[in-house]
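In the two complexes below, chain A is the common chain; its partner is chain B in one and chain C in the other.
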Partner chain A sequence: MNIAHWPRILVSKLPGRESAARVPLHLVVPALMVAGAMLLPLAYLLVRAAGADAAAWQQLFRPRIAEVLGRSVLLAFTVTLSANVIAIPLAYLTTRTDLPGRRVWSVITVLPLVIPSYVGAFALIAALGPRGLLQQMLAGPLGLSRLPNIYGFPGAWLTLTLFAYPYVLLSARGALLGLDPALEDAARSLGDSPWMVFRRVTLPQLRPALLSGSLLVALYVLSDFGAVSMLRYTTFTRAIYVQYSASFDRNLAALLALVLVAITVVLLTAEAREQRRARAYYRAAARRRQRVVRLGRWRWPALAFVTLIALVALVIPLSVMAFWLVRGIRAGETFQLLIGPAWRSVLASGLAAGAALLGALPVGLLVVRHGGRFSRLIERTSFVGYALPGIVVALALVFFGANFATPLYQTLAMLVFAYVVRFMPQAVATVRAALLQISPRLEEAARGLGARTPRVLFTVTVPLVRSGLLSGAALVFLTSMKELPTTLLLAPTGYDTLATRVWSATEEAFYARAAAPALLLVAVSALSIGLILARDDAGR
Partner chain B sequence: MTTVRRSTFLVMVLLALLLAACSTAAPEPTDDAADAGIVAEEGAEPQSLVVYSGRNENLVGPLIEQFEAETGIDVEVRYGATAEMAATILEEGSNSPADVFYGQDAGALGALAAEGRLVELPNDILNLVESRFRSADGVWVGTSGRARVVAYNPDNVDPAELPESILGFTDPEWQGRIGWAPTNGSFQSFVTALRLIEGEDRAREWLEGIIANDPVAYSNNMVALEGVAAGEVDVAFINHYYLFRARAEQGDDYPAALYFPPNGDPGSLINIAGAGIIDTAANRAAAEEFIRFLLSEQAQTYFATETYEYPLIDSVEPSEGLPPLSEIESPDIDLSTLSDLEGTLRLLQEVGALE
Partner chain C sequence: MANHIICCHNLSHRYDETPVIEGFELCVNEGEFVALLGRSGSGKTTLLRLIAGFERPTQGTIEIAGRLVAGNGVFIPPEKRRVGMVFQDYALFPHLTVLENIRYGLRDAGADKRAQEVLELVGLDGLADRMPGELSGGQQQRVALARALAPQPAVVLLDEPFSNLDAGLRARLRVELRDILQEAGATAIFVTHDQEEALSLADRVAVLRQGRIEQFAPPEALYRLPATREIAEFVGEANFVPGHAEGDTVTCGIGRFPLPLCRPARGEVDVMLRPEWIEVEADPQGEAIVLRRMYFGHDQLMRVELPDGTRLEVRLGPDDSFQPGDRVRLHVPGPVVSYPRQSTNGRRASRPVLKAEAAVAR
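And now, the complex of A and B:
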């Protein structure tokens, strides 16, 4: 009973491509503005690369560069794979089943996203390192004097999987909540077991969302610096950082960054091809209540699985931070009030989330409703900067800001703009996935009844993709909260946030002083994402 | 047609609202500008200073507040990593708002100097410190010193068994007992010094010898020191002040001690944190006053007692428990030359220390 063979009445297909001439101006103009902004880092890299001399080009073609590149690609591939293995069951368990404490778990399992990778990596080393807390616990009963080395690939893979899987989870959740249960009900009524329903009906429908989430994970891994530097796995991004900090050779760094852009283009093309192969399935107009799947005897293994993930990805890092805090208080450390930094974090990240949503909606509508080559190009463009290391994007905007937008340079507006440039793809990917789930026929119907385009947008489209929009905004908010290089280089002078506080304390190894802002950062982020997910869930 | 125009209008309104929200939410810079304006009307010189600091706020923030209180000069500090702050100034070009660059290694100062972004400092500032702690062409000056040391765990190591020179750690008796942080900037400066003093071949031999002893590579000095204290390794090559900070945060019984290899050994290299004035500085007088303050007895005492660094002027003693600077027979090299990290990185990569 494969879904592909179902009657067309149940499964509608994307409308045929419209010609570029018919693409409405009210989408094209803002989408072009977004694309232009997203291309700034690339423009900067081209300017810098043009200044590279022959020696720099020679450096680029050393065998070592290929080796480091290979590591980046390997890491991105394996982390994406394992993130899916974790996220798909978690998404299903927390949206569809009678898992005990399901609503609480649905928030908890997303929370590892709020832990900055530089904090998470440190915590995992403290806990799982060769002489870490786990070894100390096992030393007595098992007589282990050292655990296997987690430095290098295994540690980097584990850390990035644990802190990046929520990208796939969030997008899979959004899709699961938005699916039309009619298809699943039909399969069930035809005698499929819950497993068969999942594999043959649900999973294929999740494909666009999983691809979107996977793309975000892969690009996140390519651009990560915090985890790979703590775990000493030299990826391409780490090599770029070394160029900046050791030789101050911005031209060679730009050449290296352009290689990363090239990989991103390959990934984007591959994802786009897969997306086109995946069929879009629309849900019904009305939200129908989805059936709760009874886990039965799988209840306890399922619970053990969620608990294990939460333990490693959330409880361990939080405990390490709490340990630093307590140790610092015992040694007489005093703590400053953090209301100011917390407010500044929330303000800048909140504005970035809103702005990213406003930018993502026209791009998403353009590509989903008017998917010509031109639209797809604009949408793909918005991803280019996402795989670049933060330092590259930040320096690009320093260059353009200081020299071509001087009045805006080092203002809050500039910081928000920088966050949007850096994290826009998270909003675009989520919004696109959500839009793919609603049928254009609903909008056509509204238009046919005389509603004008803005009214259709705000009374039909936006309400239907609400949960996708919220997830997109939440992602941008959370990543902005923990973003470091952009904040340090582009915020108004003296605009310290929770993330910069954590950084400035850990950089000089004041762990006790890092603990309070780190815990607050996690708490504020957790609260906001909790609110969003709870509303999302209650809306079912 | 009307539909299109209306929705375009709507999008424009939304974008305008967003921009308005952004600009109203950023009152701080405008307020400051207004304050400065009022001061100017009263006839006083508009005294404000922008410092780009690669030094950490936890370390130098209180000191800068003292400077503001005493001089009435309003200091805006942008904190970041030393290399990134230097790169920022280079990208900002002639529009850089920075007056002063305050960094924690000579390499970044050297990079700014090489691009012609630092101006010459007056002699009364330069002459405050020994010539080995300032740039040869007088464009930057060291403000505090940081010694490379060998940290050891006194429970596991008898100080008598420590070698005369850092070069002695290639002996097989140190197999599996060494911790280091090969990605750390201070460590790389040390290797650069080693190349300059002992030559490329000896430096390579040393690195290969250490690697043959299976050292544990840590991500930074502090983690390496924690490794010593936890007994994971017996010795680690770090900067001297981390031990004092660990004691301040975790108590005086912290199980580690310091060893300064004698006789001008590269293992006891003294690097500096230092400052320079940017060529586009709007307020050079205030910038000079700031650097002069960093070399005042007050600030130097602060470095000695709060950050546990070496004061660089004669009249201030280092923190208790540290040998005086004059007794550390640190190698005689020009710190500006330590900005040649390119060769060091290549060497570290070739011997496999950066894997």
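And now, the complex of A and C:
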């Protein structure tokens, strides 16, 4: 699908009268508003691209650009794959087996999500790079002065895998907890060993959740900027950033950004096609007791696996940061400067989470209950904002703010709006996955008992998807806290957040100064994740 | 003596320190259709899950087709037990077609052929490529049955198979299910709380209460000679008339009747009379008075009052026509069953050992 067809699709998929009549107004109106807001940055891109001259278009087809494209796609693909490889066993182990300390592991294995990719990259470099911790430790006794190069693809792949796999994990966990245990019992009564049950029955049913999670990971990788920059692996986002900041002609950057959007659309189309088949409503075994699988002697390999992941994705990065923190304290850094940025981070992210949830619910309901081309279009549109790199969204809104909405320019509202545009799809994905597990019969039963739509929504639908909604809100909160490029460009003057603190300190190689806000970010985020999982478990 | 397909000895199961099943004894013959009848909480579903292998008994043994599957240090997991199970909500795999569902438990070369055979057996020819979500409740149930039957299990277990269907469908499907199982030559155990279902379909019915079998007998024996008062009331309408028993006869307000040889009694008792056992004749000097009458077309139900105030429900054919206020005489051909009077003795705790019943059951 190439860019030229995009307008045609918008037009050709307008609903006929029949389908419009079936879709309720109370869902369509908010969904349309949401979709409209999401499209704003894209509209800017199109405007800019339209202003690009032939020379700019020529540059688009240089071999170097193809190289960059190749790198982005390769990274996205491999990271998604490895994220699934890590997340699926983790999800299964923490929800279905008698793994010792399962509750604790449930929390720990999701925690890497709290570490921003650029912080993780920094930790990796500070640990394994030249002049890093490891090299300092080995240089003395073993006389090593060169370590395997962690820059480039290996470092980027490792960093992004370790900090993005929780997206798949959360999705998979939610799905596993909601599966009908009778299906697995049935498979066992028909002769399947527990492993075969997993392969033939559980895994196929996990597909919608895995696809949702994988989509989030792929988009995350495509739009990551901080980590790939620090690890010197030039993907599209870096190329775009260079164009934007280095030249007066922003039109080429707009073109590049549109290519990235095109890739996103391809991904979304492929995923949507798969989800269509999965829209068969899986039976609402709402909170039925799940059977626990006994690990026996597999307990030890399982524990080893979980420990390894926790070590590499959590303990080591945190230790590195702690190390630098201690160094900083010894050198006399103070921390009361942190209170302001901390509060500002929480405020902006909290507002964004609430707004995203309000937007995600109608879109999710529209897609799951009234699936059709119109609904899917709305859903895809809302994902556009997520696909756009933070930089592009930020600059689009800067343009919009500076030229069309001056009162809102450089206000908190604009920043929150940018967060929502970028991160609402996460809420949509988890809301959608949660809604898929509820039989529409429940809502129909409520209607049949006389409840009108708002009451059905609040007393039946929302409570049942509550853990999905909370996951969605927490994800948005979390990613907003971590968000860097958008904040750099859109925050009101002097409104620095924890993320911008980390960035500016790192830029100036003040690792000690970066360590404290980084750890604070991690701590705050950890709380929200713990909250979701506590509810997940309570519902068991 | 017929082959025992399932044998449970002294089976007990506890859930979180609460006993669910205690001292359970059950033996099912090959080709038999056994119903486990009981209210919710009586342990019937737990028993099914124990036989299937989804739970481990805390005590006792289970044998399937002569092989020990649970107890005495042995535990064979469900996938190795050759037990077919039909779940209450059918549990059809939503991501597979009907034929793929049925073929799921088959592994040999002839799988497709066998699956097609079973599909035809349950009368769903032509629906092989549909998805479970597209089928009606009755069709889903049949697919679930076909799936369980395809691997030719030693026994088929059905967990409240009709509870998800509406009443009209239920009546029709009951018979169909029975026919399918008979044609397949299957041994089946099904769990239900509906006494009509149990009586009309099963070769033998086990009545469960609080984790114990109170009676295990063919439907006729259950109906005519219920072991306890509760069973009597559970499996049908029952009138109770106070009386006095002396060994093989009992005297009560209506007359004097023989007791069955296997159920002698002494002392103050309550005599149990089924409504259809009572015969009514018009008699101006009769001591019983008709209170009301309900006409159903194929029969009628009358309420009659005895001089001592006891009220009885009587079931008559469509041709009698009594009016409220008529005096009538009652007669019971006998034999009848009696139970100790509740105010004096309390309930009978254990199932009486009945030689005649035992002979019939074997």
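We adopt the following convention: the second predicted complex is superposed on the first by the 491 of 540 C-alpha atoms of A that agree within 3 Å, B and C clash if a C-alpha of one lies under 4 Å from a C-alpha of the other, contacts with A are read in each partner's own complex, and residues count from 1 in each chain.
Note that in this section a residue touches a chain if its C-beta (ideal position, glycine included) is under 8 Å from a C-beta of that chain, and two chains touch if they have at least 3 such contacts.
Values in this document were obtained by computation on a predicted structure and should not be read as measured data.
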Contacts of A:205 with chain B and chain C, given as first, second, both or neither: second
First, second, both or neither for A:151, with chain B first and chain C second: first
Contacts of A:78 with chain B and chain C, given as first, second, both or neither: neither
Partner chain(s) touched by A:319 [first = chain B, second = chain C, both, neither]: neither
Chain A residues touched by each partner, larger count belonging to chain B or chain C: B
Touching partner for A:229 - first (chain B), second (chain C), both, neither: first
Which superposed partner A:327 touches (first chain B, second chain C, both, neither): first
Chain B/chain C common contact set on chain A: none
Parts of chain B lying in touch with chain A, wherever the complex brings them together: 2-4, 6-8, 10-11, 14-15, 18-19, 21-23, 25-26, 28-29, 50, 56-59, 76-84, 86-88, 90-93, 95-97, 107-108, 111, 183, 185, 188, 217, 219-223, 230, 232, 242, 245-246, 248-251, 341-342, 344-345, 349, 354-355
Residue ranges of chain C touching chain A (in the complex, touch as defined): 52-54, 77-81, 83-85, 87-89, 91, 93-95, 104-105, 107, 131, 133, 147-148, 151
Residue numbers on chain A that touch chain C, as the complex places them: 180, 182-183, 185-193, 200-201, 204-205, 207, 278, 280-283, 291
Complex contacts: residues of chain A adjacent to chain B: 24-26, 29-30, 64, 130-131, 151-152, 229-230, 232, 234, 242, 244-250, 327-328, 331, 333, 347, 351, 354-355, 358, 362, 391, 395, 398-399, 402-403, 406, 409-413, 416, 452-454, 457, 485, 488-489, 492-496, 500, 504-505, 507-513
